[in-house]
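Quick heads-up: structures coming right below.
Both complexes below contain chain A, partnered by chain B and then by chain C.
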Partner chain A sequence: MPSPGSVPLHLLPPGAAAKVVGMEAGGPKRRRLLDLGFVPGAVVEVVRRSPFGDPTAYAIKGSVIALRREDAAGILVRGDV
Partner chain B sequence: MTRTADADRIVAALYERAGTLHRTAVTRRVPGRDLTPVIDSILSSPLTGFPLMLLTLGLVIWVTVAGANYPSEVLARAFQAGERVLAAALSAVGAPAWAGGFLLDGVYRGLAWVIAVMLPPMAIFFPCFTLLEDLGYLPRIAFSLDAVFKKVGACGRQALTMGMGLGCNAAGVVSCRIIDSPRERMTAILTNVFTVCNGRFPALITLAAVFAGGAGAGRSAAGGGAAAALVVTAVVLTGAVVTLAVSWLLSRTLLRGAPSFFVLELPPFRRPRLGQVLVRSVLDRTLFVLGRAVTVAAPAGGLVWVLANTSVGGSTLLAHLAGWLGPAGAALGLDGFILAAFVLGLPANEIVLPILLMSYLSTGAMVEVGSLEALGSILAANGWTGLTALCFMLFSLLHWPCATTLLTIRKETMSARWTAAAALLPTAVAAVVCAAVAAAGRLLGVG
Partner chain C sequence: MASDGLFRTGPRAASGSHPVVALAGNPNTGKSTVFNALTGLAQHTGNWPGKTVRTAWGTARHRGRLYTLVDLPGTYSLLAGSAEEEVASDFLCHGRPDATVVVADATALERNLNLVLQVLEVTGKVVVLLNLIDEARRKGYDIDVGVLAEGLGVPVVPAVARDGRGLPELMDTVAALCDGSLVTHPRPVVYPPDVEESLRRLEARLAGRLPRGAPLRWLAVRALCGDARVLRLLAGPAPPPGSPAPAGPAPPPGSPLPSPGFSPVVRPRPAVSRTSPETKRSAGP
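Here is the complex of A and B:
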C-alpha cells in the first residue's frame, strides 16, 4: 500500500534522511530487507555512493548497509523524519 | 489484509519491542571521535579510493615477497642439513641406492621445496589479509568494485574471494561461501584460479627477476627487484582482467541469469586485535593450507623421481613425456619439458620450476639453484627467450588449478562436472592466450 508522497529509496540523494513507509520487493529479498531493519517506521539515511555511483550505503538501525540501485528501489520512503 | 502485510507488521512489532529493550538496557559510552566517515570518504572517492586499493595490493605483495625471502633461505638450508643427516642414516643402515634416491631426492625434496617456498609467504600474507579484514577495509573494496562485477553478471563480494585467492586458491574457493547466489558463487569458484596464488608467486618472481630485472646482465639487485615486482603486479592485474572477462562469458553461457540481490554491511573501522589476527590466520589458514599442500607434495616428489629415473628405450619416462608434449608446448610458446613440468606440478604449483630444472639438468632429482645468473644461463642454454618467459608466466597464471584446489572445488560444489569445468575452462583460456601471444611474438620477430 504505497502511501501518497512516498518515493523509492534509491532516488534520495546522499545526506538525505527519510522514514520507511512500505516495501515493494517480494520473496526472499523482502525478508532479507526486513531482517536488516528496513521495517515501516524505521529512519534511513543515505550515507554515500560508491565511486562508480552504485551501490549506495544506507545507515539503518545503527549499521551501514550497501544496496544496489534496483534493490533499494523496492523500499518506499517518505521524507518527513 | 494480505499475508505479507501481516508478516511486515510482525517484523515491525519485533523491531519495536527490541528497540524498547535496547533503550532500557543498553547504555552507550560517549564514543571518541569516530573516524569512519572520514576514512570512508577517502576510500570511496574515485580519485583516492582506487589508487589506495592498488597501493594496498602492491604493498601486501611486496611485504610478502620481500619478507619471505630470508626465512625461505633459512628453511632451505635447514632442509639441506636435514637431508645430509638422513642420507648418512640411510647409508648406515645399508639402504639400497634406489631407496635413498626415492625417499630423499624424491619425497623429501618435494616436501622441502613446498615448505621452504610456501610456508614463509603464507605466514606473512594471511596475517596481512586478516589484518585488512579486521580493520574493516575488505568490505570497502567490495563496495567500491561492485559496479564492475555487476556489469559482468557477478557479485561484488567476488573481489574478496579473489583477495583470499592471492594467498591460496583452495582458501579462495572456500571463501566463496560468502556469496549467497548459487550462480554468482559458482562464477567466483570457477574463476578464482585466475588470481595468482602464493604457490605460483615464487616462479613468477624468479623469472621476472631473470628476464625483466636483468639479473643475468648484472644490473643492480634493487633495480631488478623493483622491476620484478612491477612485472608480477602486472601479471596479477592481467589475472583480474581475465577474471572479469571469463565471469562475463560465464554469465552469458554456462551460468546464465540476472544479477541477484546484493547486500553488504560496512562495519565501522576499528583497531585490529593483533593477537587474534595472528592466531586466526596462522591456525585457520596457514597451517590448514600447508597441511593439504604437504600431503600432495610428498607423494608427487616420489612420483617425479620415479619418472626421472626409470628408463625405457634409452631415455627416461620424463623425457618421453616431454617429447610427446613437445609439439603442444611449442605451439604455446613453451617446450615439451615446460608443459611436462606443469602437468607433473598438478599436485602443487611450487614444484613446477624445480621439476623443470631437474629435467633440463637431467640430474634425476630436484635441485636448488645457486643464483639467478645460474638459472638464467640454464634457461638460455635450453632455448629460452623473453617470449618463452612471458608465455611461461601467462600459462602459470591461467592454467588448471592445483590438485588441492580441485579437491576443494569438488567438496564445495559437490559436483564432479563443475570440478571438471573448473579444470578445463582455465586450461582452454591458457591455451588460447599462450598460443596467441606466441604466434604474435613470432610474427613480430621476438623470440
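Here is the complex of A and C:
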C-alpha cells in the first residue's frame, strides 16, 4: 500500500537509510523480497551503487543484498530513521 | 535429474535402517561446516549459479549409532519457488526425515527465523542449531537460548561449528528426536482469521488427495502462495470415497511418502542469472 511520503527504494541515494513501509511487487518477487527481509518496519540502508548504476547494494537485517533497480522499485520506504 | 533417484532411492536407500537427519539453513550459516564436521566428508561448501542443485549426504556416528545426514541447499525460504527451495521443501515434505536440523546464524537471527518458522510448518521434529554464537557475542548480542526454545517450541543448541563446539549436544538432541525420547511442541504460526479459514478449507480438500501424515497445513500455505504443483493437485480429481490411501494406517516414521500427482521435480539451476534478486554476505557489520 502506498502511504503518504513513501518513495520507491531505488530512488534513495547511497548512504541514505529508510524504513520499509510497503511493497508494490507481487507474486514470487514479492515473496522473495519478503524472505530477504524487506518487511514493513525493517530499516534498510543504501550501501553502494555499482559503477553503471545497477545493481545497488542494500544493508538489511544484518546482510548486504544486491537488488536490481526494477526489484528495488517494488519496495516502498519512508523517511530517515 | 531423476527425482525418484533423489527422493526414493537416495538417502533413504543408502541409509538402510539408520535414521535420516536433514540439515536446512540460510546460505552462509555454516550448514556445510556442520555437515562436514559430523560426517567427516569433504563435501561441497559452495552454492553458486551454474552449480547443479542437489543434496549431498553422508553418515555420522554418534554414541555408537549411525545417522544419515542430508545436506539440503541453503535457502532463505521454502516458498519462493527457486530450484533450491523446491529441493529443500520437497525433501522435508516427502523424504520424511526422522529429524531436521535448522542451522541459524546467531549474528542475524531475525533473518534466519523466517526459515525456521517455515520448516516448523512442515515438520515438528526440529532442532535449531544457533551457529556462530561466538561472533554474535562479539557483536554484543546476548541471546537467551531458553526463551528462544520456549517461544519456538523446539530445542535450540548454541554452537561454534567451526571449532566443533555444540555439535555433541546437537547430536544428543538429534538422537533423542529420532528415538522418540524427545517430543517437541512447536508453536504454530497463526495467520489472520480469513487466512486460517482458507487454510482449513484447503487442508480438508488436500486430505482426500494425499496419504496420511502429509503436511497438509504446509501444503495449504503453499497453495495460498500460488504454488503451481499444489494447485494442480487440488484441481485434479478427488479419489472416490473410501479409497485406501487417506484411510489407511500412517506409514512408519521416516518412510518416503508416495505423492500421487505431486511427484517432486528437480531442475538444474540455470547457468545464467535468474530473475530473483541476488544476495551476498556482508563483509562486516
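In this text, the second predicted complex is superposed on the first by the 80 of 81 C-alpha atoms of A that agree within 3 Å, B and C clash if a C-alpha of one lies under 4 Å from a C-alpha of the other, contacts with A are read in each partner's own complex, and residues count from 1 in each chain.
We adopt the following convention: contacts are C-beta pairs under 8 Å (C-beta built on N, C-alpha and C of every residue); 3 or more make two chains touch, one makes a residue touch a chain.
Note that the structure is predicted; figures quoted are calculated from it, not measured.
Q: Based on the superposed arrangement, let me know which partner A:54 touches: chain B (first), chain C (second), both, or neither?
A: First partner only.
Q: Which partner chains sit in contact with A:77 here, chain B, chain C, both or neither? Use first/second/both/neither.
A: So A:77 meets neither chain B nor chain C here.
Q: If you stack the two complexes on chain A, which partner ends up touching A:18: first (chain B), second (chain C), both, or neither?
A: A:18 contacts neither chain B nor chain C.
Q: Please work out whether A:9 is in contact with chain B alone, chain C alone, both, or neither, and reply first, second, both or neither.
A: neither
Q: Please tell me which partner, chain B or chain C, touches more residues of chain A.
A: B
Q: In the overlaid three-chain picture, which partner chain does A:40 touch, first (chain B) or second (chain C), both, or neither?
A: A:40 contacts chain B only, not chain C.
Q: For chain A, which residues lie in the overlap of the chain B contacts and the chain C contacts?
A: In chain A, residues 28-29, 32, 35-37, 55, 61, 63-68, 71 are touched by chain B and also by chain C.
Q: If you look only at chain C, which of its residues touch chain A in the complex?
A: 76-77, 79-81, 105, 107-108, 110-111, 114, 225-226, 275-283, 285
Q: Report the residues of chain A in contact with chain C in the complex, numbered from low to high.
A: Going by the criterion above, the answer is residues 27-29, 31-33, 35-37, 55, 59, 61-68, 71.
Q: Where on chain A is chain B touching in the complex?
A: 1, 23, 26, 28-30, 32, 34-37, 39-42, 47-55, 57, 61, 63-68, 71
Q: Under the stated contact criterion, what part of chain B meets chain A in this complex?
A: Residue list for chain B touching chain A: 4-5, 7-9, 11-12, 15-16, 37, 40-41, 44-46, 49-50, 143-144, 146-148, 150, 156, 259, 261-268.
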